[in-house]
Amino acid sequence: MWNWATHPVSWLSFLGMLIGTVVILLLTLVVVMYSIYWQRKFIGWIQLRIGPNRVGPFGLLQTAADVFKLLIKEDIIPNKVDRVLFMIAPIIAFVPSFMALSVIPFSRTHVFTANIAVGALFYLALSAITIHGVMIGGWASNNKYALIGSMRSAAQMLSFEIPLGMSIVGVVLMAGSINLNDIIAGQQHSVWYIIPQVLGCIVFLIASTGELNRTPFDLPEAESELVAGYHTEYSGFRFAFFMLTEYVYLFAMAGLFATLFLGGWSGPWLPGWLWFAIKALIYITFQFWVQATMPRMRVDKVMPFAWKVLLPLALFNLVITAVLKAVL
Amino acid sequence: MTMGPMIVVAATGFVVMILEFIFRKGDRRWLTVLSMLGVVAALVVAIIHFNAKPTFALNTIGVDPFASVFSVLILISALLVLLFTLDFSAKSDVPAEHTYLILFAVVGALTMASSIDLVTLYVGLELLSVASYVLVAVRTHSIRSVEGGIKYMLMGALGSAVLLYGMSFIYGISGTTNLMNLSGAGLQMFSTYPAITVIGFLMMLIGMGFKLSLVPFHMWTPDAYAGAPTPITSFLATLSKAASFGMLLRMLVFIFNAPGAHLFYWAGIIAAITMIVGNFIALPQRNMKRLLAFSSVAQAGYILVPFAMFGIAQSADWAGLFDSISFYLFAYTFMTVGAFAIVYLLERDKGSLDSDALIGLYQRSPWLAVALTIFVLSLAGMPLTAGFLGKFYIFVDTMHFSTIWLGVILFATSVVSFYYYIGWLRKVYQKEPVAEVTALSASPIMHTLVAVCVIGTLALGIVPALLLHPLAGLPWIYG
Amino acid sequence: MGAAPFPVPTGSLLALGALLFCIGLFGALTKRNLIIVLVSIELMLNAANINLVTFSRLGVAPSLSGQVFSLFTMTVAAAEIAVGLALLLALFRLRKTSEVKDLNIHKW
Amino acid sequence: MFHYWNPYFLIVLYVVLGIFLPVASIWVIGPILRPNKPSEAKGSTYESGLEPVGDAHVRYNARYYLFALMFVVFDVETLFLYPWAVAFKKLGMFALTEMLIFIVLLVIGLAYAWRKKVLEWT
Amino acid sequence: MSLSFWLVAAPLIAAVLLLVLPKMGGAASRGLAIVGTLVSLVLAIVMWLSFPSGSTGFEFIGKIHWFTLPAMWHGTDLSVGLSFGVDGLSLPLAAMTAFISVLAMAGAKRDIDRPRLYYFWLSMVTAGLLGVFAALDLFTFLVALEVTLFGSFFLIQLFGRPGSPKAAIKFLIYRGFATVAMLVALVGIAYGLTGAYSHSGISGNLSFSIPTMLNEAHHLSSGILPAGVAGALLLVLLLGVFIEEAFVPFHTWLPTTHEYADTPTNMVIGGLLTKTGAYVLLRFGVGMLPAQIQHYGMLIAVFGVINILYGAFAAWAQKDWRRLIAFGGISHMGLVLLGIASFSAAGLQGAMFMIVSSGLLTALLFFLTGAIEDRTNTVQLKDLGGLSKAMPMISGFLLVAALGSLGLPLTSGFISEIQAFIGGFTAYPAASFVGLGGLILSAVYLLYAIQKTTFGPTAKLAEGLSDATAREYLPTILLTAFVLLIGIYPNLIGHLFGLSVQGLLGIGG
């Protein structure tokens, strides 16, 4: 596999990097648009509805129209907000989500992956930075709903990050590396880690749902209680970036899940990028399925759930893995 | 088992912690007793290994004469503090975390005493410090306690940042954090990067200065001492200080044994400032705990005096310096804990820390009055007490290594300290104007504690051979 | 050592560390809000971390112990900040303030 | 030859683009397309259509801090698990015992927090 | 255990018993304390009588090893012990200490508050003083010095007149500094004489033993002290001594102390405690740094003369008997200084006579003024007058004491002054000549005070007062007797002084 580390950077390869990054950016935007479309369509089917079908064939351009609508909306900055923080909060939230994609290996020969040694940790670190964006946005809005929403969101993301990180340790233990490419390589040699790490996989799935603030853990944005959570005061394209952040993370988390538990791009017959796409789609669809099926949890159940159930489970998984690994 | 004492104390700490949340009802003082048993066991282990050959697990933590002496010192003061706590927790409402936090702090202190790697030394220091911050502020309903804790925390964190920054330079120019390797590298380091070596030395000294409440890094001391529960105050004054001195001694002596005299002179200057300022600002204090806090600042200055001489003395002569430092620390532990014990009894009796609470103590409880007299005279450095001998020993050091000006300051400032120490004694023997006097109530535990401290103070003053003899045989410098 | 395309000299990294340290020290000594003071102290610790990591790759005798040290430092800093925040919380409950100048009860 | 820095160049590019996208769309393209007719009502804080009461910069519930503290402690402890997991194969049984002790300590800490009702959302 | 050991131990044991034994009344406490000190007095007399004739060294040596400060000087341990012994210099002073202390205890008022504590501290001070005079080990000496310091502090503090705490603190701080200065100087001298002084390059066995130090100083066998260092040590020592002796300008503590302390304490402080400095100067200065003493002789002599004159002038200006006596004492000690500075047989003998004489006379004067105050409740000169009618005996003794103090022939003061001045004139005639003025002044102020007190118009409060009681006769008569005895038969103590002076000068020569 070709990666950046084996050659010195020249202007040419720099240009290549730039082009690749732009491609990834565009790809991401497309993926986000169509995962939103897929969400509406899929949930529609589950609920025996048709879903979007007016804009474009099968409604395929629906999301594009939504985005354009947001772009031409007036940019309202309320009077009482802290202007500077209010304006930069979406950026703070968005940038790390996009950066997180840089370590996800999309395919075997994918050249735009930063093959760094601490890939998984890097991802976790970035997802923690987004919390700052959310909190700053909520605080700067000077709105009680936004404040409570952002606090809840932060507390929840923090709480679920612990079991998430712990469950990844199990995989790292199996592979002996934090580098995501090495983890995929490890799965090529044996089985997909979803088999030995089934407990870790379950914890990861649940924790990532919480981390992404998705149903059943979507109370930061519980519209019946908190209007729209931390982005209550946001409108137009600033709001769009918060939404974008969420879905980029969904994509990134799908990529991470595929990499950690499903062998990433590896698989027989099909090309790597397709395998990756299929596996990511499985995760994304799973999320939408859960969203359509589960009711929202009560706020006083969510946080204790992360600490009292998921964390011990993750620790248990870790110990079992380590012991088995040492014994076998 | 080179880490015996540490493991025993840590295990006890966790056992107590678990038992604490299993048994949540009733009188839980047996947990403190259990902790004391653990400390005693650790003390036994430490004494068994007292003369062991220097061995280090993973080249990091182990035993050598240095570790032995300071471990015994730390464990003894831990025992005294726990005994103190045993009485304290019966009388006032402190959370049970108190007990095992002390144990964890002791683990940190032991690590500081017996580690030869900057990393573990630093971690030990922080374990001690963080536990101490919480211990000071353990009474969360008391504004004084919390404020003292915050000041201590801020200053302590500042100190550790400075210390760490200094350590990073030393690591940078030597490429190792292991003191054994560093001790060989000192001279080369110094000749290649003199400026960085000096910066590293000073930062480490200043960083430890915050923990040791050396002037001018002592600002937190009176507030933290006055705010903390009294057993914890005595903990800060003795155990924490002893461990920090041990760590400072180990770091400076191992790393900077080659660069020579003028580096260590800085320690002398700080010692001089500390002695002078510490004693003078103590003069107007009326709050007994604050006064003891300032007096402990001054005492830290006395103990720092021998540090100034490591650069001058040949390493063959260092044994005397080590001996005098550790002797003074032993002496200081007994007399300080004793003094705090009596201050605590008075505080509880009168509900005030004003030194007027001392008035009539002799009438009320002659035995406690005499005990306090002994402690105070020892702190002031009067003959036949441990304090005098400790000071005298340090003075002889200064004499021998031509640093007599420090010795002169030492004794001259102790004369200043007479003023406030004797001010106490004056009140102790003053008559209370009331006709009817009641004895100061003290539990058997407190009587035991005071008695132990009296015995310690007097024994070290009258039969110093008890301690000097074991110290004398130790091969401080080895390898 | 990795031949960095634009090699980062040791000096500038150390200068960064020193700058951070000085900013932190300045903040710790002059700021009035306790949380800012805590953050400043964290800056100082991180300055030391930068030093350690720099030296561990680019020092006189590069070794891994610098990185290990900085790992420990991070943990310690986390513990310190945890305790610090807890104490601030306790203070706020009692005094409704988090200003340095209000830490004056011991003068009364 | 291993070029340690190279992946980070890529990451820097991600950062630059990540900033570029919102900046371009909000500050460059947006102003051309969107209308701008501010009014007092638009600028008021939303509180379900009522007049906003007071300021939202109030003190929040202490439980948030508790969770933040818990996070700080456990996140850093997780940090230690990663290097261990990587080096596990090389170190063998020694690492296992060490880490079991470490995890036991973690569990004790968790149990402590549990017991002290820190984990409750009350 | 030798006699000199028990000399120190007896009052100490009494003190400990006082502290330990329960339920003791005033009389019992006093009795116990007196017994303890009396034992010391008897021992001192026994030693005096059996003192080997012609011996210039230490006799009756007793030694206990105490502890060892371990190897720090190239493998040499410093052995520290409790070690006592007396020579011709210290024996008279020890005897005087026991004598005055017994009388102070015997003459103390009977209605003292908390008698146990009082006699405990009085015994402690006595033991400390005896320790100071009889110590043969530097460590022992320093310990004893500190004991006297704290003992007297508590006596002033707890049992003084109203307002005494302030005076006590002043006393403590001044004398504390004196002790520190002496400690520094003495340990330095020990180093210079016996240890390896870093400049000399010769390493000896460091020792705190005073005989060893004297021996080394005598033979200069090892530890060659560089002149500069020795000079510095002497100056530090002098500083300590000057504060200890309350010399101008470090004198202010003494009058204040005497003003506020009660009578027995005043006797001990004025009669004994202020003499320790002179003893230190003789023992360590003259004995161990003779060359330096001679080198700085002029300085010491000038200081002496200043004190003679200043003390006398200041005494003249006092309106309070006690302060007057205090300044008189300073004047006396100035004479001691002049004698020491002369560094001659006569001068040194005079100095030692003066120490004893001044001790006895000061104690006597304090006792008598104390007796007067018991009756009149004042010692202000302006309030007193015509006491001779009401209390002829006390007035008579007061006159004798005053005459002794101004150096009338047939009193101990005479022999002291004459010898000191003979010494002074041989060495520093000009200074001594100026110092003679002090004699005249002392006559003036003493007679003026006597005249104000005992003669002249009878003050109102002097009417109907009783004369001395049995309690008061004993100390008065005994002290007066000794003042006269020494004046008439100086050789009573002179033969001992002669021996030690020979010893001291033998070094210098």
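Letters are used for the chains, namely A, B, C, D and E, taken in the order the chains are written, and counting of residues starts over at 1 for each.
We adopt the following convention: a residue touches a chain if its C-beta (ideal position, glycine included) is under 8 Å from a C-beta of that chain, and two chains touch if they have at least 3 such contacts.
Protein identities per chain, from UniProt: A = NADH-quinone oxidoreductase subunit H; B = NADH-quinone oxidoreductase subunit N; C = NADH-quinone oxidoreductase subunit K; D = NADH-quinone oxidoreductase subunit A.
Small disclaimer: the values here were computed from a predicted structure and weren't measured.
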item: Chains touching both chain B and chain E, listed by label; value: none
item: Target chain E, source chain C, minimum contact steps; value: 2
item: Chain pair, most C-beta pairs within the contact cut-off; value: A-D
item: Chain whose averaged C-alpha position falls nearest the assembly-wide average; value: B
item: Chain separated most widely from chain C, comparing mean CA positions; value: E
item: Distance-maximising chain from chain D - centres being C-alpha averages; value: E
item: Geometric centre distance via CA averages, chain C-chain B, whole Å; value: 27
item: Whole-Å gap separating chain A and chain C, where each centre is the average of the chain's CA atoms; value: 31
item: Whole-Å gap separating chain A and chain B, where each centre is the average of the chain's CA atoms; value: 52
item: Whole-Å separation of chain centres (CA-atom averages), chain B against chain D; value: 41
item: Of all residues in chain C, the ones touching two or more other chains; value: 3, 5, 79, 86, 93
item: For chain E, residues contacting two or more additional chains; value: none
item: Contacting residues of chain D [partner chain C, same complex]; value: 1-6, 9, 62, 65, 68-69, 72-73, 75-77, 79-80, 83
item: Chain E residues touching chain B - in the complex, by the definition given at the top; value: 67-74, 77-78, 117, 139, 142-143, 146-147, 150, 153-154, 157-158, 165, 168-169, 172-173, 176-177, 179-180, 183-184, 187-188, 191, 195, 198
item: Sites on chain A touched by chain D in the complex; value: 3-9, 14, 17-18, 21-22, 24-25, 71-80, 90-91, 94-99, 101-102, 112-116, 120-121, 128, 139, 141-148, 151, 154-155, 158-159, 161-162, 165-166, 169, 172-173, 176-178, 227, 232-233, 236-238, 241, 299-304, 307-308, 311-312, 315, 318-319, 322-323, 325-326
item: Residues on chain C engaged by chain B in the complex (per definition of touch); value: 17, 21, 24, 28, 34, 37-38, 41, 44-45, 47-49, 51-52, 54-55, 59-63, 65-66, 68-69, 72-73, 76, 79-80, 83-84, 86-88, 90-91, 93-95, 103, 105-106
item: Contacting residues of chain D [partner chain A, same complex]; value: 1-11, 13-15, 17-19, 21-23, 25-26, 29-31, 33-38, 40, 42-48, 52, 55-58, 60-61, 63-64, 67-68, 70-71, 74-75, 78-79, 81-82, 85-86, 88-89, 92-93, 96, 99-100, 103, 106-107, 110, 113-114, 119-122
